[in-house]
Structures are given as structure tokens and as C-alpha cells.
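Per-chain numbering from 1; labels A, B, C, D and E assigned in written order.
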Amino acid sequence: MIIILDIFLNTLDVFPRAALLTLRLTVTSLLLGCFIGLIIAFFRISSNKLLNYVATVYIGLIRGTPLIVQIAILYFGIASIVTFSQFWAGALALAIHNGAYIAEIFRGAIQAVDRGQMEAARSLGMSYPLAMRRIVLPQAFKFSIPPLGNQFIIGLKDSSLVAYVGMAELWGSGLSEAASNYRQLESYIVVGFYYLALVMLFSFLLKKLEKRMSLDTKLLD
Amino acid sequence: MIIILDIFLNTLDVFPRAALLTLRLTVTSLLLGCFIGLIIAFFRISSNKLLNYVATVYIGLIRGTPLIVQIAILYFGIASIVTFSQFWAGALALAIHNGAYIAEIFRGAIQAVDRGQMEAARSLGMSYPLAMRRIVLPQAFKFSIPPLGNQFIIGLKDSSLVAYVGMAELWGSGLSEAASNYRQLESYIVVGFYYLALVMLFSFLLKKLEKRMSLDTKLLD
Amino acid sequence: MITISNLVKSFGPQTVLQGIDLTVTEKEVVVIIGASGSGKSTLLRCINFLEVFDKGEISIQNKKIVPEETNLNKVREEVGMVFQHFNLFPHKNVLENIIEAPVHVKKMDKAMAAEKALQLLEKVGLRDKAYAYPSNLSGGQKQRVAIARALAMEPRIMLFDEPTSALDPELVGEVLQVMKQLAKEGMTMVVVTHEMGFAREVADRIVFMGDGKILEEGPPEQFFTNPQHAKARQFLNRVL
Amino acid sequence: MITISNLVKSFGPQTVLQGIDLTVTEKEVVVIIGASGSGKSTLLRCINFLEVFDKGEISIQNKKIVPEETNLNKVREEVGMVFQHFNLFPHKNVLENIIEAPVHVKKMDKAMAAEKALQLLEKVGLRDKAYAYPSNLSGGQKQRVAIARALAMEPRIMLFDEPTSALDPELVGEVLQVMKQLAKEGMTMVVVTHEMGFAREVADRIVFMGDGKILEEGPPEQFFTNPQHAKARQFLNRVL
Amino acid sequence: GQDEEKDSGNGTDQEEFHYAMSGLYKPFNFKEGGKLKGFDVEIGEALAEKMGMKPVAVTNPWETLIQGLQAQKFDAIIGSMTITEERLKSVNFTEPYYRSGAQIFVAENNQDISGQADLKGKKIGVVKASTYKELALQNTKKTNIVEYDSDITALMDLPTGRLDAVITDQMVGLPIIKEGAIKIKDVGEPMTHDDQGIAVRKDDHELLKKLNKALDEIIKDGTYEEISKKWFGRNILGE
């Protein structure tokens, strides 16, 4: 216990900064992932066979292989086309991974909006994109808040895997720290606490958001 | 493409065996995880405050930290108590991780069984454990097949992370292979295909099982 | 047979049973009626100790039951219960449903239990459904199986909680028929029901509940033709 | 106004509309009746091009509409539709529901659109609900808002698909009242409804559908007192 | 993160010299308080100064260092990489910047292994993509070899009993024994004498020339010896 506390105090100049990097990485990759996810979700619900196929293959590949393999492939795959900084290479790899899961979240949410909404909008002369943007998506967005929040927490934890490409986020810093203080177990436990704190913080914020949302959705019929 | 095929053919003595190790690791850790999960699920639904608390903390810790951190901690943490072989250390770490998720699956499934079933059983003079074992659990088990199958596929992919502790399963072998042939991208893609094949195989088997189950559950009322 | 005195039961702030006194004698058929929410089901569930009550006493066969001290499973063997929603075990066929408790609670020989189960099925007119699964039965058939299942434990008392109110109207008759038969054979029964015809014909006594209290009780002839309590009159006006 | 000829529409193997010919003239009120599943909704949805039909022609205002060539959004601006389940936009208040299409489709000035919306709300008797959200309205109020929303696009024709059948009986009147008013003002209307009283009073013509075909049509007086087709007689016997 | 280094020192318009290492190889390269430190780091700084460039040390997983170099994620590897025929196919090396040897380490209480001859059939830990794997293969079966990301992790697994021996650079294990941080000991003579070089891309002849020149300069002017003494108490250039 004393050793753990000791390491905790000795790493106050390292881990909080690393936690911030973890957060930046998570937020960046999730935002990018939402963008990718939205596009892929549209591909999935589109009547165009090719787009549909592209989306299905993409989602299948991502869901069928471990994240660590994807990160490794993307890190070296992207590098052979264009050179990103480590941060962006890592963020992009996570985004491409999260994008597949987020696409399924968005697809589910869009399909959960009553079909009558689209029909009513079309019957008023709105074009498909306009109806999607102004009528369906705002409602789908509300449905997708809880699973998106969940995905955010998963993404936070998954970001630890970009330590593999040498990024000094929480887990990467933990590895470095342990390799220099020879206190693996205790160093890792300290890192674990940082993650736990971040996850608990987010679960808390998420619950608040959901509660606020459910107050709003009382307005739904 | 040619390089990928080349690597695929050159590794036929390594990767299939590694894939088998991945499978053994996954199956072992999932079975152990089911055992842990069932116990923790009972703790969760028990009216005993202490057991309840233990289960809640366990699940919270596991769901609040990245798997890689858990593996690292357990690998060195378990070693300070009792020395397992690498395989068992890895399998146990994965089992403890999966156990938390499986506990939630079982809890959900048990709670999804109509309360009337327990009441009817009790009203016939059956004790709580007897009613649980003979009436509730067999029904809960059916509800938990689809999420358990899903967890199995997640566990299969997650097993890649025990490469960190030096296990030569699929991903670990892929790393070694790439490090010796200097063809990282292509080697990783080959490893990815192995995972994809395993995942697809399991999704297929799972769907079959679910279909068979749903035929059976037509018998449910 | 059953003596209940000053039974009180609350759910949170709401006191659902406010001191019930009720005695049921051997071979008596007591029908409990009353508006929705008046506490009928709760009373029945207390008699079977499916609910833990707050105050009062229940004696069965002149033995006072103290939940902490008595083996409630033994008590429940003596008190059969039939639920509104049947609660058959969906993963077992009709025969297995019936022999489940005799075999695993009473440790009865399986073949003997099955033989007895078939006799009971004969009695409720479902001998040919012994190997059917619950999902393939109509509501009325399910409820008759549920009655047979309860009878298989050879209870001294049978409790029925609205056994016909989840049934399509055309299936109510077959269940009531079985219950009438049971009453005729001398089973002690406590029945919650909205079937006034059945109450009138079969009950030895009507108990009318309101707001967690017994407001009126008496023989059916008297209760139906000349109800004393204002709420009883009101209730009868609505349902008859 | 609308000319439909030989309209055929299938869902998979099932041919739901088997060659419909129908003409609706300016200011006419046509009421379509028929048994459930006879294709009434499908016909209405074809007129608004919410369903793609397989064969046949629809002309609106003497212009033949070819779905691939025509801007269907423009056509839909001219054809308002009111649905059985209202389909109000739950994330927008009543006023926003009404001005949504005028502002974003017709690019009308927002203030002007709002002013017009308030007039329409006045007309349907809901001026005071302008800032309420759909979830806080009764079914009848929702449907009246839906009518106002459709009218805000100034359509030349209004289609109603069972506008009152999702309503509690006591709320039907207020919606029919608004529809009668609309008919009186000379709106061209095609109404699918089970409200025979409304049909009799307001319709210029009754169209009776069965099995995807128009089996009989004529003025309400004639149809209701002396139906020709056997199925029509049968149908009227059931609903009147 | 290394991404921040680009915009950290734009006060000078010096060209930057990016050199990589695993960061998990104490005392040659490791992180302390989030800062990269060690012999390799300081050699890189000294070389950069001689070349008139701004030093930027970065970390990269050991097994992908060469790939990262080829992907131009950095300019050179100063990460205690042994010069081998195999590696020379992919990269060029400078003159050796230190010489060391592979050493067998075992748990402190291990009495079975006292040298290379005892390794037969034993479980041996090495780092992935290392020359030590070849050495291990000469002494035990492939299935008895366990590969790690970091030498330190491998050494940590000696006291747990999951490994019988670890082969790694003598300079990695000896400071640990001195610190008493992990209960291990070295046994036998060094198995090899390895030349450690700085790796550059095959086509980057200019940098290779500049590095060799700078290396010569720091050895001649005593900078090298100073750094070596600081970390090891002696000159590890060897002959």
C-alpha cells in the first residue's frame, strides 16, 4: 500500500498529463468516429447496393478483428500512404475502430424513429435529405445518447492500446514508469486508478445527461 | 498481395497452431468466466448486503479499467501469491475480466424470467435453491445464450492482449513473425484474417445455435 | 383450518391490509370479492407466505405459523395455490410440470408420481395433453393443468387468485367446472374471483373486501340479495 | 383535378390495387370506404407518391406525373396528407410543426409563416396551444394540428387516411367538425374513414373498395339507401 | 506525447534530429517523470550538437523500430541495436557506439543454471525481435522461448518462476542487480560480444556520414567518455 501511494505521489508530474492525453485521444477519436459512423450508417440504410456492401464489409472487418491488430495495421498502413504524427495516427486508428460501432448505434437510432415521421415530412414536400436532417436525425440523436455514452467509456479504455505504437498516454506512461522504477504491479495499479477515476467521472456525467434528456423526452409523444 | 499470400504460406506451421492456442485460451477463460459470472450474479441478486457490495465493486473495477491494465496487474499480482504457468495466468486474467461481463449477462437473464415462475415453484413447496436450479436457471440459460455468444466473440478478440505477457497465441505470434521478417503490415493483415475467420466461424455457429434455440423456445409460453 | 387474526401488511407507506380477521373451516369454500386494489391478492399471498406480513397471526391446522421458525416450504406443501397467469413451467411438458414438486420436494418415486399425475389430468379432462408443452395449450387448458399441478402435492387447502380472469370468455367455463367439482369433493378453498355466478353457486361464504378491510361477510344468498355495506351495494350494482 | 387510371400496386406476391380508375374534380369531396385490407390506404399513399406503383397513371391538375421525371416534392406540396397516427414532429412545438415546411421547403419568411400558422390554429380552434409540445395534446388536438400543418403548405387537395380512427370516441367530433368546415370552404378532399355519418353528410361521392378494386361508387344518398354490390350491402349491414 | 515536440522549440531554425528507442531499456533509455533519459538519449544529444541539429528523442515499440524508421517516423535509431547481417539488409549502421555482450540472468535463488551449458530444455525469456532470440534458440526448443515487449518485463518474470533464464544485454541486468530492485543474478560469461550501432535508412547516406563524423568527434573530445562514466562508471566503447 505504501509503495502504491509512493508511486502515486512520485508520478504526479507524469500521470495527470498522461491522463489528459488519454482524454484528448479519446475525445478526438470519438468525434472522428461519430463522423465516420454517421456516414457509414447512411451507407447501411441506403438503397444503393454498393454503399450498402461497403458499409457491411467495413463493419464486419472491424467487428471481426481485435483492436490491437487494427491499430497495428492502420499505424503501418497509413504510414505507407501519408505520414501522420503519432497522436493523429493513434487517434485515426481508434476513430476507424469506433466508427464501425458508432455506425451501428446511429443506424439503430435512425431506424428507431417512427417511419411515420419520414412519411409526414415527405408528404409536406420535404426532400429526403431535408427530412432526414430536420426531422429524423434530431430524434435519432436522442435515442443514441445512451449507447454513445457507453461507447465513449469503451473508447476511453480502448485508447490504452495505442501505447503499442509508442504513445505516452496513461497506459504507455505506466509501462515506461514501471520499466524505470522496476515496480510493475504497483505502477499498474496506480494507472488502473486513473482509468477508474476517468470512467467513473464519465459515467456520472453520462447519467446526468441522460436524466436531463429524459426530462426533455417527456416532451416527446 | 503477393507478399501477403507469401507470408500466409510461409507461416502455415506457426499461425494455425497459434490460432489453436487462441481458441484454447478463449474457451478456457470463457468457461472459467461463466463459473465466476454465475457466482457473482447470485451475489448481485442476493439480499445479503455484503455479497452485494462485493459483486458491485468487482464489476465496477473490471468495467472501469482497460483489459490490458487488468492483465498486467493480474499477471504480476497473481504471481506474488501463487505461480501459474503462462497459459493459466493468461487464462485466469481473461476469466476474471470476462466474469464481470458474464455476471451481468446472467443477472439480466435471471431477472428476465417471469417472477411468477419463482412464486409458483415456491408455492409448490420448493426451496429457493431448488426453485432456482430447476425452474429459473434453465429458463435464464436460454435468455443468456445470445449475449453469451456475443461475449465469446469479444473474448476471442480480447485474448490477443495476453500477447503482452509473452504468450505466443495468434497476435503474439504475429508480432514475432513481423519482427523477424520485417514485413509488419503484411504479417498483421495475415493475423487479422485468422481472427476474422475464427470470428466468422463462431458467429455462424452461434446463429445456428440461436435458431435451434428459438425453435425450442417456441415451446415457451 | 385457517385462522387469521389482525393481519397487517404495508408496501412502503401504503397499508394494504389493515387488520384482517378471517377463519376458514374444513371443507369450506370461501369466495373473496372486492374492487381492484382492495388487497384480495395480498391476503391470499400472505396465507401462502409469499408475502411477509408486518403484524398479526396466521394459524393453519391449529398450528401458529411463525415465519422465522417454521419451515415454510412444509407449510406451502399443504397450501396449494393457483395464479391468475397460470405460471406453468414453460420448459417442461404438462406431465413434468405436475410431477416436478412431488418428485423433487416430496421425493416421491417418479413412476408413481407420473401415474398420479395422469389420474389428475384425467380429472381435469386433459389426459391426452400429458406430453404437450404449455405453449401449445389454450388458457383454459393451462389453468386446468395448473390446478392439477397444485393438487399433485395433496394440499389440504387450495387458494385461487382470479383463476379465470386472464381467460377468453369462452374458456372460463371449463375451469370453473373443475373448481366446482373440487368443491363438491370437499376441498377447502379460498377463491378470489369476479365470477359472481360461481360465487353464488359454490361459495359457502362470501367475504367482501374494501380498502384492506373485510367490510362484510355472510352466506351468498344473503350477501347477494341483501348486502349491508354501502360499498358492497355499490360494487354489486356495478358487476351484476 | 386528379385522374387515376388503371393503377396497379403489388407488395411482393400480393396485388393490393388491381387497376383503379378514379377521377376527383375540383372542390369535390370523395369518401372512400371498404373493409380492412381492401387497399384504401395504399391508394391514398399512391396519390401522394409515398408508394411507388407498378402500373397505371396519375395526373394531377391535368399534368401526368411520371415519378422518375417529375419533382415529386413539388407535387407533394400541392397534395396535403393527414395520417391516422398524426405523425406530428415530437421535438417541435405546435407552431414549429406548422411552419417547418413553409419555411424550409417554400422558403417563406419565418415571421410571415408564423403569422399564417396562428391563423390556421385559430381556424382549428387551437390558437392557445401554439407553444405546446405534441406530447401535451390530446389525440383530437394532435389531429387538428396535423390538419393545420398540412394546410400551411396551401395544398390544392387534401388526403385524409382514417383521421379519427385512433381517437377516443369523444374526441372524434372536434376533428370531423374541422373537416366539415374545410369541405364547406371548397377544399378538394379524398377521405378514407369509417365515420358513416360524416360520409353521408359531407361526401359528394362515395367510393366503395373491395379486394383492391372499386366495386361501386355514387352519391351518398344512393349508396347508403340502395347499394348495388353484394359486398357493399354486406359491409353496410356490418357498420350501420 | 511526441506530437508536441514539433512545436516546442521553434526559437531556433535548427533542423531537428529525430532518433528513436524503445524507452523500456533502462539504463540505456527509459522514462522517468515522463522524461526520456539514459545513455542512448545523451549520446543522441551529443551527436546532434556536433551536427548542428536540434535533438528530439522519441519512443517506439522495439519490435517496430526498423519499420518506423523506414516509414520516416524518425531519422535514426539510437536504441542499443546490435549490428547484424539480417538487419543490414534493411538499414545501414554507423560505426559501433558501444560494445557489450549477451548475458544469462536467472532468479537469485536458482541453483540449477550456472552457465550456457545448463540452458538445455529451460524456459528462456527474451525481448521480441532481438538477437538474443537466436542465442536462446541455440540452447533450447522454440516452444520454450517466451517473447516480451521489454527486457525489464522478462527479468521481472524470473522471480515468479515462470521463466528459468533471461538472455539480454549485460548492461541492462547489472544495474538492476546493483539496485536490488528485482531478485536476479547473472551467471556465466557473456555469450557474445556485440557491436551496437546507430541505424539509419539505407538511402540516407548523408546522415550516415554526418553521424559517423560526429561520433568520431565526441569520442575524441571526451564527451563520450563523460557520458559513459556517468551511466556505467567506465567507458563502454570497448575495442
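Criterion: contacts are C-beta pairs under 8 Å (C-beta built on N, C-alpha and C of every residue); 3 or more make two chains touch, one makes a residue touch a chain.
All of these numbers come straight from a predicted model, not from anything done at the bench.
Student: So if I look at the partners of chain B and the partners of chain D, which chains show up in both lists?
Tutor: A
Student: Suppose chain centres are the mean of their C-alpha atoms. Which chain sits farthest from chain C?
Tutor: Chain centre farthest from chain C's centre: E.
Student: Report which interface contains more C-beta contacts, comparing A-E against B-E.
Tutor: Comparing A-E with B-E, the pair joined by more C-beta contacts is A-E.
Student: Using mean CA coordinates as chain centres, what's the gap between chain A and chain C in Å?
Tutor: Whole-Å distance between the two chain centres: 55.
Student: CA centre of chain B versus CA centre of chain E: separation in Å?
Tutor: 38
Student: Counting in whole Å, what is the centre-to-centre distance of chain B and chain C, each centre being its mean C-alpha position?
Tutor: The answer is 45 Å.
Student: Could you tell me the distance, in whole angstrom, between the mean C-alpha positions of chain C and chain D?
Tutor: One centre to the other, that is 53 Å.
Student: Send over the residues of chain D in touch with two or more other chains.
Tutor: none
Student: Among the residues of chain B, which ones contact at least 2 other chains?
Tutor: 76, 80, 184
Student: Could you check chain E for residues that touch two or more other chains and list them?
Tutor: 64, 67, 149, 153, 156
Student: Give every touching pair of chains, nothing left out.
Tutor: Pairs satisfying the touch definition: A-B, A-D, A-E, B-C, B-E.
Student: Within their complex, state which residues of chain A touch chain E.
Tutor: 10-11, 13-14, 17-18, 21, 76, 79-80, 83, 85-88, 164-169, 173, 175-184
Student: Residues of chain E touching chain B in their complex?
Tutor: 63-64, 66-67, 89-90, 125, 128-129, 146-149, 153-154, 156-157, 160-162
Student: Can you name the residues of chain D that touch chain A in the complex?
Tutor: 48, 50, 73-74, 76-77, 79-81, 83, 85, 87-91, 100-101, 104-106, 133-137, 142, 146, 149-150, 153
Student: Would you mind writing out the residues of chain A in touch with chain B in their complex?
Tutor: Checking each residue of chain A against chain B gives 61, 63-70, 72-73, 76-77, 80, 157-158, 160-161, 163, 171, 174, 184-185, 188-189, 191-192, 195-196, 199-200.
Student: Where on chain E is chain A touching in the complex?
Tutor: It comes out as residues 1-3, 6, 23-26, 30-34, 37, 58-61, 64, 67-68, 71-73, 149-150, 152-153, 156, 176, 179, 181-182.
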